[in-house]
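Reading through the structure tokens given below for one structure.
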């Protein structure tokens, strides 16, 4: 194995580690949300720092590889892809932090009705699955997995649109719970973003593996 | 677009050694084409086919056809000297004649029997300007070209080639004997020459191929593995072998 | 499309090619005429008796034993004398000598010696070896004479060989902790051995064909006994040839040509070895 | 048993001198070698004078000579305290030769030869018709033995009248064969050299009869032997150093020389001594040995 | 480790001593030539030596003019060079540029064989073969003459010229040829415009060495040129060269110490000076050339 | 100028062009918003395509420079910075599109009260100024400008927080205008994002010029 | 950390030419340090100071001190041969002796007088394994090293250097005469050697400096302009001149 290959491998390992942390964040935020575990949410919020650090580290690492190894072709695409993958991962991490913040700040009892009504858990699970798929396709360098992720969006979008409308009418009907509604809405949007960002990651993987640029094709 | 150079099913043998295998390619006017590939893959051999410099090698044998401006250059009726005027060549090591800078540049004209001083002067000025050392050398045109630095020598050699007004310029690793700074200046020159010439360059330095050429041909064991847009080749090679080669995962 | 000047140039080119071929052919043809005449004349004389017989007044019973052995003696003695001195001098000049005035003086001096006519060496030897040192016209005198004669050749060719050893070979050796002499002995000389050997052989082959300086020191004589000692009188093939060619009897001319064949054979063999070595070395050692 | 004896005889005999006498001595040495293989015999040919030069210094044992020793040489020998004996071993004729294509010069007088060869002739006598008006007005090319040879000394002495005195503008060579070649390839040549060489090259050169006032005489074994070919015939000698003569191998060599020379001389093409002369020479040698011993 | 150092110093001393032998040789030559010829010049004025047109030191009427010997030397050398240089150069060019590699590989050593033949042999070749052959065309040619040995000497030094010039041509980087061909030059143009100018110093050196060699050549002229000191530049008549004279005297019995004997040293010094000048010229050309090596 | 410098210059020019387009988008969205010019909003929405295209082009361009020129040091940093600059520009573009969409979809009369009350125009202008500052610092490679942008955030954030609270109470008070309130909120967030992204750009410029990484230092 | 090599205020002159100017630097054990800089800036000169290879140059003069393992190597008492054993050197062009592979490797031991066959065999095997060509050459150890390819030759030269067990290895453009593939293999080798040796490498190829070295020193006109962590130097050089040089904006 050449020195460059070693570096590339290292980058990949680091990125996978970052994936892992982000996934934990997503999972923990989910748990905190549905078990109302504020402590866990705090944990999520604090851990965001680590995600940032990882992003910076990997970026630096890639910068060094660019400076020292002059990567081309698949190596170059890999590194460029990773640059954007970590950017998206970081944003997913950001989203979990936002969710965690909402959980922490709004220390009220959930309105189970609307909560269940909008199928938030289903939406979250779906988004979570997207993140997992993104990691899987990155790890196994499997373009098919990436494509599966990119094409799977109809369900979630419908669910989200529905939920949004429901929340709007919920607010309309419960003006006193406007804040709560708004938080819910914000949360929904974050979750949806996580899914979108996973798809972005999938697109980068396709770019890396097949040199095809899928970005901005049906992107939100 | 009409091809400037067109090779059809070319095979080359040195004795029983088959060094170019079924190569067909087309090169268009005013483009820079780079040949890359591992040592011994036949880059130089193929390049030198284009101005018949291989004719001097006794064991050389070739099959197939090469057209330049729609003329089969391996036709018996072809005048090789005329061909070489049209298809100039620059070599790996700067190889100025042990003459003055001036005489180096006008060499090609002198051998055509041109004696008109004014005409020669003009050519010297024009070509030295073209290669960008007119200002540096205009006051010492009568000094030996050997007294110049490597990079300057190579520029004089290029000027010498341009003086006979070729339409194609072949370059066989023109910077491999130069230091990085001279290399950079020569690369810039190549980059700017292409508006007037069709340039074919052999290089060991992949970045160089990347920097100077429009299209790149990757040779391997005498075969043309891939020939495509340089950016494409370096970002997204079509053939796995090319990718292996340019990313250094090889042998 | 083809311009006139190009046509003319090509024509000139062709003419010159034939002219060159002609010149070369002339050279080769002369050589073969030469060899042919000599071989035709002398071939039949080459038999065992010819090689094993002492000189005789009768052409048919005369042989070249004495001059042949003399030639071998001279070859060996000259090698023993000239090679160590020549190689040592070359090593000194190439490896030790500083590039100052003195070194260039020695260099000019050697270049000059290489061009001094052989007969002048004869004059030198006559005075120094034969008279002052009192060696007479012995093998040793002859060998000293010829050694001096070929010394510049040995030095020059050895220096060339040493020069062709790239500096990096020396540096490699120094960098491994070798002293100067160890470097010369272990790295430089083995690398230059082919070149040195080639030069030495060519020099020796030149030496054994020399006549004039030996004539000057008085080696033109009839001896009946084979030389067994460096201080013995001697004869060598060129002298024998010169001697025989000056005899009136036809048979001696035949003898002379036969001896010429032998002498040529020896020089050819030596040259052949040298050329072989040179080619082998050139092919093998590409720095 | 005798062979054993012979075999035991060792030592060396060092000979130098005349190139004219050289073939005889060489032949003797060759035969001698067959019987006494362990005796080293070296025969050099520095010419008579060159040989004497060494001989009178005691550097050589025997000197071949195509003329008698000169007073000057003898005086040096004396100062070096060297005594010697001279032995006549054969006769030689000097032949005057021309190119076979030369159809005018059949004979020549001694005066004419002098006119051609004397120092005053240099640059003046250049054409055949200057010698005899009926001869063609063609250049005359002269060839002759090397200035350092006894042959030259003898020729100048008897023809010009003074040893070592002749014109200088002629082609000279130590190598008689070269002279033969020269004359044979030059229609206008006139040369002189040892008669022996002429015998070997009858087809290449033509002999000229010499007229000493008694009519033209061609050189031949007969005419030399019966002394009618004058003045160009002469005796050849060997000189032996008395100290060397004390050495067994030198004695044996000279004995052998005297024993075998007549047959060898004839073989080589010189003219041998007659029986009487031979006997005298042998006696002279024996006497010398006796005296030498008694000293 | 002073022992190693001592050893190194000792070896260096030995090597240096060897190098000095060449100087001793030169000193020896100069000593021998000068010491003997000083006596000569005590008796013969240098002016006479250089201006007298006759050379007859061995005869009764003695003249000590070196001119006849010099003219003989120059004449034979001139003829030799006239033969050797054009043919040698053509061969060099042909072998280097035109001949197929295989042929070059065979021809070059073959020609070098010409240089390896002992000169005695050449001498007889000139006398026995070339002179009679020439006489077929030039009836007035003497049996001994300057022409025939000159030609044969020329033949003998052809390999010298060819080989050295070929080396000089060969040393020109192949890239220069390619540059020239690459611009549409023919071989001939390449040879005359690039190769010969680039190799000029090497070629000049080869020519000078050839001349020097011809000056010093002995046996050929000794055998075939006659030994008749003639102040002439007519190649058809016998002449004598300096070298021949030395051999002639060496073979003869001139009394050592006599003025006649010393003539050979005077002649020797003339020869030495001649070749010395030539060798120096060639040496300095070579030096200059090395500095400008491509 | 070397070939590489030319390429870098070209990249810069292209990026400036993209800046220009994005700025136009921001400006047009502003105009459309405050002049209720739906046609202009449509225009903004349609033009988003162009921004995407530019991003892809510049990315490709940078990829080529990496593959062919082996940039190091400042060149390398510049290209990496540009990669992230255009990413952020694209997101600003996205925001303008979102704003345009809101303008297009909600064809009701503005509630001038709340609209003016929340100082939207001030916020927007401030964000716009940020984008302009980003461009300026990129164009002039002036690290001081970039720093000015990075440090100027307190104002806008306060304004936004205030506006958010006002909108929430507005919704609470006007349940029938929930949709409108939500749109306003969404718009507010987009505008705020534009400002954040401009700051990201400024940070990249600092990275490029000074090799200092400011990312994740007070990033939102 | 203790310096392995420490130069203090070093100045070098060739005659009156001041080619190294006030250079002080420290190199630590088991690091790879690269010297870069334009042609003629003194890289080779400085490198060759470290094993006193400049001593052979007559006009050479140096001031200042260089310590290796705390020993002043320009001290009079120093044994230069011992120093050179400790500080091995690999050259630009592969320069095997025209001997067998085996004899090349054991050269340094032989000149130390070591004759023990077993010991020599062991060293040959060990070092050839170290440089990674044992498998390729083990069956032809007695063949001439000149028959190997350039890359293999260079490896043999490195093995030869390692055979005398140096602790520092100097390399002066060790791959500049090699093709890219051989270059890559040598670079890998250097990268792996550093665990056992301190390596100082001169290179014209900036990427190479980047790839193989831990720290890089940039020389310019005899001065040490910048000496820092390689990654740092290539991503964020401290000195403007360095930046100009590595980005090719120079001359």
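All chains are identified by letter, namely A, B, C, D, E, F and G, in their written order; residue positions are counted from 1 within each chain.
In this section, a contact is a pair of C-beta atoms (placed from the backbone, for glycine too) under 8 Å apart; a residue touches a chain by one contact, two chains touch by 3 or more.
Small disclaimer: the values here were computed from a predicted structure and weren't measured.
Minimum number of contact steps separating chain E from chain F: 2. When the C-beta contacts at A-G and at D-E are tallied, the pair with the greater total is D-E. Farthest chain from chain G, judged by C-alpha centroids: D. Chain centres here are Cα means. That of chain F falls 53 Å from that of chain G.
Centroids of chain B and chain C (each the mean of its C-alpha atoms) stand 48 Å apart. Mean C-alpha positions place chain A and chain C at a centre distance of 89 Å.
Centres computed as Cα averages put chain B at a distance of 82 Å from chain D. Among the residues of chain A, those in touch with two or more other chains are 2, 4, 63, 67, 70-73, 76-77. For chain B, the set of residues that touch two or more other chains comprises 81-82, 111-112, 184, 206-207, 210, 234-235, 248. For chain E, residues that reach two or more other chains under the stated contact definition are 184, 186, 189, 223, 251. For chain B in complex with chain E, the touching residues are 51, 53, 56, 58, 81-85, 88-89, 91-93, 95-99, 107-108, 110-112, 146, 157, 160-161, 164. Contacts from chain D toward chain C in the complex involve residues 16, 22-23, 25-27, 29-30, 32-33, 39-46, 174-178, 180, 196-197, 199-201, 264, 267-269. Listed in rising order, the residues of chain E touching chain B in the complex are 100-102, 173, 175-176, 178-186, 189, 193-194, 197-198, 292, 294. Residues 38-39, 179-181, 184-185, 204-206, 248, 250-251 of chain B are the ones that touch chain G when the two sit in their complex. Remark: chain C residues 6, 9-10, 12-13, 16-17, 19-24, 26-28, 30-31, 34, 37-38, 84-86, 88-89, 91-93, 96-97, 106, 108-124, 126-128, 148, 151-152, 155, 179-181, 205-206, 209-212, 215-216, 218, 220, 237-238, 241-242, 245, 256, 260, 263-264, 267-268, 270-272, 275 touch chain E in the complex.
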